[in-house]
Amino acid sequence: MPLSTPHCLSQLAASGVGLLFALAPIGIFAARRPLGIRLTYAACMLICAGLAGVALLVLLTPASKLGFIHIPVGLPLGRTVLGFDPLSAAFAVIINLATAIISGYAIGHGAHAREPLRIMPFYPAFIAGMNLVLLAQDAFSFLVGWEFMSLASWALVVSEHNSAENRRAALVYLIMATGGGLALLLAFGLLAGPGGGYAFDQIRLAASSGVGSIVLILALAGAGSKAGLVPLHAWLPLAHPAAPSHVSALMSGVMTKVAVYGFVRLIFDLAGPPLWWWSIPVLLVAGITTLLGVLYALMEHDLKRLLAYHTVENIGIIFIGLGLSLAFKAGGLGAAAALALVAAIFHVFNHSLFKSLLFLGSGSVLTATGERDMEHLGGLIHRMPVTAVAFLVGCIAISALPPFNGFVSEWLTFQAILLSPQLPQWIQRLLVPAIGAMLACSAALAAGCFVKAFGMTFLGRPRSGAATAARETDRWSRSAMLVFAALCLLAGVLPGFVIDSIGSVTQMVVGSRLSPQAALPWFRIIPINPARSAYGGLLLFVMILIATAATAFIVRRFAAHSVRRSPAWDCGFPDASPATQYTAGSFAQPIRRVFGSVVFRAREHVTMPKPGDTAVAKLRVDLHDTIWEAFYAPVIRLVEGAADRLNKLQFLTIRNYLMLVFAALVILLIVVGTL
Amino acid sequence: MNVSVGTVALAGLLAIPSLGIVLLAVIPNYRIAAPLNVILCAVTLVSAGALYSHRPEPSLYLIVDDVNTVFLIVGALVGFTTSVFSAGYIAHELQTRRLRSRDVRFYHAMYQLLMFALNLALVSNNIGLMWVAIELATLTTVMMVGIYRTSAALEAAWKYFILGSVGIALALFGTILVYVAAEGRLGEGMPAMAWDRLAAHSAGFDPALLNLSFVFLLLGYGTKVGLVPVHAWLPDAHAEGPTPISAVLSGLLLNVALFALLRFKMIMAGNPGVISPGPMMVTMGLASLIFAGLMIYRRRDIKRMFAYSSIEHMGIITFAFGLGGPFANFAGLLQMAMHSLTKSGIFFGVGYVCQLEGTQQIADIRGLTHSQPLLGWLLLLSVIAIAGLPPFGIFTSEFLLVTSTFAVAPWLAILLVVGLMIAFSALMLRIHGMAFGATDKHYSLGAYRLAPMALHLTLVAIAGVYLPGAIVAWFRHAAILLG
Amino acid sequence: MTQEWFRQLLQAALVLGLAPLLSGATRKIRARLLRRRGPSVFQPYRDLLKLIRKETVVAENASWLFRAAPYAIFATTWVAATLVPTFATGLSLSGDGDVIVIVALLGTARFLLALAGLDVGTSFGGIGSSREMMFASLAEPAMLMAVFTLSLIAGSTQLSAISAFMLGPNGGLNISIALALVALIIVALGENSRIPVDNPATHLELTMVHEAMILEYSGRHLAVIEAAASLKLLLYISLIACVFVPWGTAGDGAGAVAYAVGLGAYAAKLAVFAFLLVLFETAVAKMRVFRVPDFLGIALMLGLLATILMFVSKVPR
Amino acid sequence: MNPFDTNIAHLLAGSMVLVSFLLLYQDRMLPLLNIFAIHACVLACSVGWQAYVQRAPHLFITALIALLFKGVMIPIALRRIVVRLGIHRTIENVVSIGPTMLFGIALVGLSIIVMLPVTQSADTFVREDLAFALSVVLLGFLMMVMRRNAVSQVIGFMSLENGLVLAASGARGMPLVVEISVGFSVLIAFFVVGIFLFRIRERFDTVDLQALDMARGEST
């Protein structure tokens, strides 16, 4: 049985990634006919499912029985080591599971692409790049995979290249991705040292905390920019929506997870034992990210951009978990660190499910109506019932509401936050509850955000002709969304299995694991001890079901059976025009009034004509992207200014150029003369 | 047996282009001259390839060692593919009457002269001979840059000539100083100019003279390399000359000039009393990198833009060698080879783009991936390669360079990264506009004509993924020699 | 085990049965305070029955969500209410839901209600949903911060454990707990659409929040929603009572007497809190909508302050 | 090398520097050409003297090249060009004479300073000869930078090359290859300059580089 050899799983995984890479050139030819497109996506689906299976096996195999493979390609002066360890295997399960389902969606959805040739070669390459990052056990392969992932997704973002907005999005994305890649490059340079020990096992041996502090900053910049930590998130809401929807799902639901993996790998695994203050920048950035992400999302009326901004929020939540884990790990509290890490990785898993689901749903809406702007949507629940159900599940799950999965990870994060009094440093003990407040606040705002998203898109009356004429999507797309929805529920009611699977990761990374959960009665989870906290998703779900059914049954049993359809009452002011409905903008107005005036410097200007004047009254809202104005605009100004100034050197006379040469000569001579 | 094959190959490397000069100078018909040019380059490439396994013994004048073999082969390859590209390109120029057949005869002869000069510079063991060869190459390219005789071309050639001549003079002064330093130790005459002996015995030379000489060599050969602030000729020469010449300039001449500088750095490396040339090279390299990166933002001419990208890369390479150490040197060597292949490939693409669109203005070019998908994507991928993204070779070298720099000198690495970012953003900003965007144009271009470009890109991609052991061994050895 | 289930079912039935009574009691007390006679305390039961028997009118473009939401809202609220120890601790479901779960379940109910408000596509429904979510964005974190304070002090998020802790030697009122109490009361006022945040009795178009969302409901749907609303009020009062005045609650494995005491204490607490609530309501005026965020913001600040002061006041953990 | 030989060599090398200063000072075209001829002649003498002292007959060829090409032919050719182009009027310096001369002196000082640490060479002659050569090179460069007119820039460049030849001849036993290459480069340099001057004349009607500046490759 080949499975008994330690390298077998790594070999299987590596060959899976190889297959995906091979699929990229095949995609060029497959793109020419619809069947080819379907088959390519189907192949991606199968390979990803296989990879997820392999990764799951790795996760269940004892660490001592795992082995890596060395292949003779890659960095000339180093060695290329590939293979899954528990950490990468956990992420591999997450991303490949989501990717497989998304690919299934694409079997149906991919046919709508206008220029499939601009998508097909890059789609498998993108997946392959992400998997390579996870498979890499040396810095070079890691970064190759990382950049490959950026590059392929960039190509996908720019696939609809006729719109200037998309081109700008792709450009901003590529530049920031490369910047992040360079930050990671520096981090690895520091970790590898002058001797060039690029393999992870070499790095682990040489790691020291002094170096790690700089690595932390670089990892926050590098992995953070890819994941979307504020203020490095600017590309994300531009790029994710610009791509075709199944790719948006991959980018938002999956790729950001690879970024999280990068951070965990660097900081928890490679950078050596953490110092106590490491968690502080992480927590601060994460808290701000969480809050700002959701506020940005609330201000957005473009469905896909809203989802993208919301990814920023979720990344913040994940990093809150990571920051807590770092704090506990530095404080020597192994069990608490394990809990926080479990919360973070659980949320990674959850987010990969519901964010993919939501993006797929938005893709179906986009295909059906051609609209992303919620102000032109509405009433789709009647015309796209299956999509609506799936999307609703996604919305509830992402708003961290029971009994779905989003709540479980947030609950675990809260449990970890409540362990903060055990931390040795005062500053952390004070900071963590504040971060908890931010998390709580963002959870409530997220609910508002998704009431808006679902309500404006699917409920009410159609706001445009396109929305009136919408049709339900194809079979593949519907099935994929329903699978995601089912997984959201499953992970919500049976969280114990997920937590147990993460056990070997926490064992590896923080040296401790939670007690086994899956065997507890009613599939409850008890992260610390039963007197402290417990959550039984399954039982609650069953109770809610029973209560609903019972209520419905009893009420209907005794109630009058006549139901009459009539025009809406609306306090006696019904209006036939759908324009009188609440819009996305008006829905967000109260929250904008409360939070926006500070965060976005939001100002409302009302132009009211004088009585008797028949001119139109106008309301104008000015919003400022404060982050862009504070962080990006100055950099752009600086570079542009420098470019303008130096550009004069292009237009000198020959004599002036000679003068430059002469000056260089004299200066160098003076330098040599004075030495 | 090996020796004799090597000698023949070495002789062929120099004799074939010489023969080509004579032949092509007299053959008036373009239809014969262009294929002949290609054939001659192919034979040169074969000779260079033969040196891969067969090395002749070094003489006082010529030498074949690990360091220059790589450059010979890469150079001959670029020379060959450029000649293939040039055949189609020049035919178009004749059609559009930008060139007359007399010009073309001159062009082909000069092309072979250039090949000869470059090969000679690479194989010369004599610092005087090397100097002669490089100056010959410079003057040849001056002629070719001015070949269109438009006002802009003449101005570019004139600028190139003046600045090049000054460079010539400075490099010669540096060479004389090296000789003077060596003469006391190695005796008068030829041995004191033989590079292998200089490198072997440099420990006994007068360090002050070597210091001084390096200033002149750096500025002299640095002019050819295109280092800031002595770069001024480079963008104009690239922009105004025929595109094959831009390819050869970026792909070969810059490398050869840098190669010359490296030869001297190896001499310096042997003498502990010499202040390291490192700081100077690092400074000029960084200055070139950042300056060229910023200059790309304001470029309107596509060829000039890529010329600045060449400056940028020469800056990176110079930085790498200035930093020293096995990793940085390795990275520098690798990047030299990769840049040579990639940038010449880019210029092939740019040549076609300019011919198809009828303009060199970036603002007038858009939607290339739509109007001519193969060309557009090849160009885009090449730019991605030159910008240092995987799976291309330049990523490998920049990986090694950035990581090893950060471990040694963090602040330098941060400057380096800032420079890389600036240049990267600028390149992407420009190529985005050209590769994408709505257009209703459709161009037809035979796929075979893109073969040279595709070949270069493939090689660079392969090198990014897998570098054969022999090449790694050469580079390592050369990197150690470079100190 | 069986006893636990029995207690649990009893509790479920109890809260369901008492909720309308509580609403009726508040209305009655309010009327008396205003020198009116007021309807009977059992009027809410009659109202519910009346609504159930009436014909249900559904707007033309209402979807299935509109019709299903009331039941789901009611069920979620009910499950949340059964999780709060009322007359006895040691409920069988207490291992399945702690106080965070309760907050979240209420969130689910609110989420569905807000969606239902948007479903018909009227402007009033939108106003209600939008304002409700804005209030929630402050009220929910405020509630969680109050809960955090208690949980950090008691070292548990289980309500029974918190309740037990408050009864124990380390319990009692300190500054953190006091602040948390105030925060919790403010949140309870907001969440239950009481004055000064909202007025459950109004149908004045531009000020209503909760009523705006359910404007389109009628018949049995409205009945279920009204029942859910009264359950929610009961839940909040029970929660505050359970944490801050835990006396009298029957513990695990208690006998019949203890249950009787527990029930009596619970009824007394409900009555007292209902009286206090109405007293407060009659004493203040309703706020403008955009003053409410300030009001709820105070709760959030108090909650955070409570958490931070907890470290200062050196509560043993 | 005996002291007398050294002194003569010194004297000649020093004269080169002096004539370089004259070149720098002279701002009219025709006298400038004359002074350049003198510059070349002094160089020829110096190289000839080195040939005699070092017993290196091949240096006589270099001396001869210097004398004939740079001392006679080029000045004559340039004079013709200058007359034909009608630019034998006063040429303006970019910077006035005084500062230019001061700067020149500073350059000589610099070249001496950088040559001071050279210790290993047995005799001081090499060091000082190199210092003089470096001075000539730098002064020639300075002239190129300070003049606007193409002809005088070419003269500056050639005086720079004279400095190189001076250095090369001073280096004992430097192989012939260098001298030939110098001659070669001068030849080609002049050849190319001729072509360019011709073409520039053809196109712009002037050799003033400022006219060239009008035709920037990349107009803003």
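Every chain is named by a letter (A, B, C and D) in the order it is written, and numbering of its residues begins at 1.
Definition applied: a contact is a pair of C-beta atoms (placed from the backbone, for glycine too) under 8 Å apart; a residue touches a chain by one contact, two chains touch by 3 or more.
Every value quoted in this text rests on a predicted model; they were computed, and no experiment measured them.
Trainee: If you check the contacts of subunit A and subunit D, which chains show up for both?
Mentor: For subunit A paired with subunit D, the chains in contact with each are B, in label order.
Trainee: Hey, what chains does subunit B share as contacts with subunit C?
Mentor: Joint contacts, listed by label: A.
Trainee: Out of every possible chain pairing, name the one holding the most C-beta contact pairs.
Mentor: A-C
Trainee: Quick check: how many Å separate the C-alpha centres of subunit C and subunit D?
Mentor: Taking the mean C-alpha position of each chain, the two centres sit 98 Å apart.
Trainee: Which whole number of Å gives the spacing of the CA centres of subunit B and subunit D?
Mentor: That gives a centre separation of 31 Å.
Trainee: Just curious, how far off is subunit B from subunit A if you go by their C-alpha centres, in Å?
Mentor: 43
Trainee: Distance from the CA centroid of subunit A to that of subunit C, rounded to the nearest Å?
Mentor: 35
Trainee: Would you give the residues of subunit C that are in contact with at least 2 other chains, written as numbers and ranges?
Mentor: none
Trainee: Which positions in subunit B touch two or more other chains at once?
Mentor: Each of 158, 162, 166, 212, 235 in subunit B touches at least two other chains.
Trainee: Do you know which subunit A residues sit against two or more other chains?
Mentor: 650, 654, 658, 665, 669, 672
Trainee: Pull out all the chain pairs that touch, please.
Mentor: Contacting pairs: A-B, A-C, A-D, B-D.
Trainee: In the complex of these two chains, what residues of subunit A are touching subunit D?
Mentor: Subunit A residues touching subunit D: 650-651, 653-655, 658-659, 662, 665-666, 669-670, 672-673.
Trainee: In their complex, what parts of subunit A are in touch with subunit C?
Mentor: Of all residues in subunit A, those touching subunit C are 378-379, 381-382, 385, 388, 392, 395-396, 399-402, 407, 411, 414-415, 417-418, 421, 426, 429-430, 433-434, 436-437, 440-441, 443-445, 447-448, 450-452, 454-456, 459-461, 522, 524, 526, 530-537, 539-540, 543-545, 547-548, 551-552, 555-556, 558-560, 562-571, 573-575, 578, 580-583, 586-591, 593-595.
Trainee: For subunit B, which residues count as touching subunit D in their complex?
Mentor: Contacts found on subunit B: 126, 128-129, 131-132, 135, 139, 142-143, 146, 149, 151-152, 154-158, 161-162, 165-166, 168-169, 172-173, 175-177, 179-181, 183-184, 187-190, 192-193, 205-206, 208-209, 212, 235-236, 239-240, 299-301, 304.
Trainee: Which part of subunit A faces subunit B closely enough to touch in the complex?
Mentor: 72-77, 117-118, 139-140, 143-144, 147-148, 150-151, 158, 161-162, 164, 167, 170-171, 174-175, 178-179, 182-183, 185-186, 188-190, 192-194, 196, 198, 214, 639-640, 642-644, 646-647, 649-650, 652, 654, 657-658, 660-661, 663-665, 668-669, 671-672, 675
Trainee: Within the complex, which stretch of subunit B touches subunit A?
Mentor: Residue positions touching the partner: 158-159, 162-163, 166-167, 170, 211-212, 215-216, 218-219, 223, 229-230, 232-233, 235, 275, 280, 291, 294-295, 297-298, 325-327, 330, 334, 367, 369-370, 373, 384, 387, 389-391, 395-396, 398-400, 402-408, 410, 413-414, 417, 420-422, 424-426, 428-429, 432-433, 435-438, 465-467, 472, 475-476.
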